[in-house]
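First, the structure itself, so that you have it in front of you.
As written, the chain order gives the labels A, B and C, with residue 1 at the start of each chain.
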Amino acid sequence: MVGSTNTAREVLNVKGLTKKFGGLVAVDDLDINVKEGQICALIGPNGSGKTTVLNLITGVYKNDRGVVDFAGQHVQNLPPHTICWKGIARTFQNIRILSSQTVFQNALLGKGYGNGGVSILQTALNTKKYREATAACTEEVDRILEFVGLLDLKNEYARNLPYGKQRILEIARALITGPKLLLLDEPAAGLNSQEIHALMELIKRISERGISILLIEHRMEIVGKLADWVFVLNHGAKIAEGTFDKVKEDPAVIQAYLGRGGR
Amino acid sequence: MVKLFKWLKKYALLIVMLLLLAAPSVTSQYEFYVVQRGVQNAIHVLGLLILIGYSGMLSLGSAALLATGAYTYGILLVKVGLNPWVGAALAVALTTFIGTGLALPAFRLAGPFLVVTTVGFGEIVRILILNMEPITGGAYGLAGFAKLLPSTRWVYYLMVAALFLIAIAVKRIGESRLGLALKSLREDEVAAEVMGVDVRRAKMVSFALSAMLAGLSGVFLANLTGYLSPDSFTAAESASYLLMVVMGGMQSVTGAIVSSIVITSLPEVLRFLSSSRLLVYSLVLLVYLRLNWVRTGKGSLAGLMKTLGFPLGTGRAKDRS
Amino acid sequence: MTAAILLQLVLNGLAMGIIYSLPALGISLIWNASGLFNFAQGDLLTLGGYVMLSLFGKAGLPYIPSFIMTVAVMGIIGYALSQAYFYPMLEHRVNPQIILIGTVAFSVFIRNLVLVIWGTTPQTYKNPFGSSVLQIGELYLMPHVIWIVAIVAVLLITLQYFLRGTMVGTAMRAVAQRPTASYLMGIRNDRMIALTFMLSTAIAAVSGVLISPIIPLTPSMGGIIAVKAMAAVLIGGLGSFSGALLGGVAVGIAETLFAAFVSSTYRDIFIFGVLVLFLLFRPGGIFRASVSEKV
């Protein structure tokens, strides 16, 4: 499972990433590597800085020190939309869809305004180029909605979707951006076991499309089944990495979880 | 009956436009003036619809942009002696430029912080107009500039044509990817930018378009009144434009046009209230906000009519959320 | 000589600044309690001033009872405003933008209500502090300057004690910080938010009463003061008690000095310029408030 990916190219290479909030060090000198086609997991006790790492990679927060290389380019501290256009997409821990828009419109948002679109004038005049661009977008959105299984709900308002489907919609929206790397922030939170099963299937299918995945997850059975490589965070610092089987035996990891009264 | 309502809804914009074209023939001279002001306000309010309704950035400085357009037109004609069409083009361009500059604070500020900034901008423009007397005429006002077209009637037709084209353009923008990007600013800016929406550019576009329409509306205002005074561009005026957007349903183009014209003519219908025009406006707005949003959880003319027991709302766009 | 003039200007600016501080404090208190930015604060101040005009100036009641009645009446109005209008909207989780528009509508409504009832002509009443100039060394001061500073100082100390030292004050702060938790602890959120509105409106009314010897009453007076108060609250830091106070005083002194030494015409432009600089480069104000929340 791991052997084949060892030789693959690195998609994401994070070195010495550091972020302080006031006096609190949220992320401390962190190194992370994600290789092409890999599914990696970022785990750690609550408050260990996992979501902050995603916010730093996607440019939502500016980092204090360190390098984020994506596909051979520095992307640290670029504006979030530029990072998105370069091929990093993400979902949020607490779902952030546009609740008053339809499923289709939510997914369309992933096409990113400003990214080689058509001009305002063409939009206002409804020119041929505008209509063609719109048709192309619509087709692409439909294809991805079909891929995740939301096509029949496309005209439904997003707020009317059940919780599990909203999570899937967020993933669809991320896929529309055409990512090489997908960051998933606790995608299974709040899902029932049936939905989790479907989600895991979906994540595998996304991975088969050649998209690398870095996911934050609390449920160890999901991490164990999906992840090729696991990074363990505690107090913002990496305390271990490796395959899941290796990491779960690591005394430092066990201490980090048990020390907090965990499992 | 239901079919008739559907038909009315579909062709609402066209019906409104036909009514406006017929207006000069069926109204008295004074009523006609009120309709003209209504159409002129509607152009401005469509700009605010993009800024406030679509993008969720509240501005209380819109009267200042209207003033910029109107005064630039007036000054270029009176003091520089330009051709009215050149003056109008330059006025719209300058207003767009200044209005786009207002997007810069919006990069960092939201909610009340942004509103206070726009209030400050409005006051600055008003104080400048009041005190730069050699150029603006100060408190005495500015007069003596030519119209775009020789007859008032033709200016009116030009205005209606402009309104029609703008209405279609604004509607299309609302339904486009650009419109979606603007609406995403209102709902969740962080999610939008992570999904690849260039938030700064979207904000600039939103401010630029709304300023452009404010400038155009200002040019028409100068054409209609032939006289400009700082009193027409106070913060209270900005508030009444805000009222027009809100009463139009915040998302609907036709709604915004209808509410602009109705609210502009309201004080003429309710003549007996004379000095308390804004008192009535604000009271109506307060009651509307309270009833509509608290009872139904969403806002539109149709929503209000529903709460009041009427089955029909004319000004409702199909993408209303 | 120059030092004395400067000190005199600073003291006049201080009196004016304190007038701004009170509505600014009201805006901050309401923001803390409910996340609502009240654009009508300045017009509530105007209304307070006019109620005082009717009671003291027109009906001829003695100063102190009129003062107390004005503050009480305005407090009740604030309470009612919250219970009847703003709390239901907060409770229904209405889009903050809509509530903001609601406060703007209230601002316009109150201003025009005052206009309809009392008219547009600037009005004033007898200065209760006397109009004979006091001379202290080289300083020439109007007695009301000293009184304003003294009255507000007492008011602020009382307010600070009320918010920090009493059960009700603690409950109000609890609602501001954790509405759900405090509700579960048996605190009536609606009453606490209404109480905050009452307090804010009452202190705005104090400003409205005290301002009369400085400038005559007009219906649009509150609008101008509100803009300064908003500048004060943003410069000081939205949500901070000391920020509102300090911001108001800073705005008052800065504008008095600017008017005296540079230009009185462009005084307001100066204040807005400073405000915009603050918003752009230190958006949290002097006492950093959190302006935007991220993920």
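The definition used in the following text is that contacts are C-beta pairs under 8 Å (C-beta built on N, C-alpha and C of every residue); 3 or more make two chains touch, one makes a residue touch a chain.
Computed from a predicted model, the values in this text were never measured in an experiment.
More inter-chain C-beta contacts link the pair B-C than the other of A-B and B-C. The most central chain, judged by C-alpha centres against the centre of all protein C-alpha atoms, is B.
Distance between chain centres (mean CA atoms), chain A to chain C: 47 Å. The distance from the centre of chain A to the centre of chain B, with each centre set as the mean of the Cα atoms, comes to 41 Å. Between chain B and chain C the centroid-to-centroid distance comes to 31 Å (mean Cα coordinates, whole Å). Counting partners per residue, chain A has 60, 92 as the residues that reach two or more other chains.
Across the assembly, chain B contributes residues 190 that each touch 2 or more other chains. The set of chain C residues that touch two or more partner chains comprises 294-295. Chain A makes touch with chain B in their complex at residues 58-60, 79-81, 84-85, 89-90, 92, 96-101, 105, 108-115, 117, 120, 123-126, 130, 134, 137, 157, 173-174, 177. Residues of chain C touching chain B in their complex: 31, 37, 39, 85, 88-89, 92, 94-98, 100-102, 104-109, 111-113, 115-116, 223, 227, 230-231, 234, 238, 265-266, 268-269, 272, 275-276, 279-280, 283, 291-292, 294-295.
Taken in their complex, chain B has these residues touching chain C: 52, 56, 58, 60, 104-105, 108-113, 115-117, 119-121, 123-124, 127-128, 131, 186, 190, 235-236, 239-240, 242-243, 246, 275-276, 278-279, 281-283, 285-286, 289-290, 293-294, 297, 299.
Within the complex formed with chain A, the chain B residues making contact are 168-169, 172-173, 176-178, 180-181, 183-184, 187-188, 190-202, 205, 209, 321.
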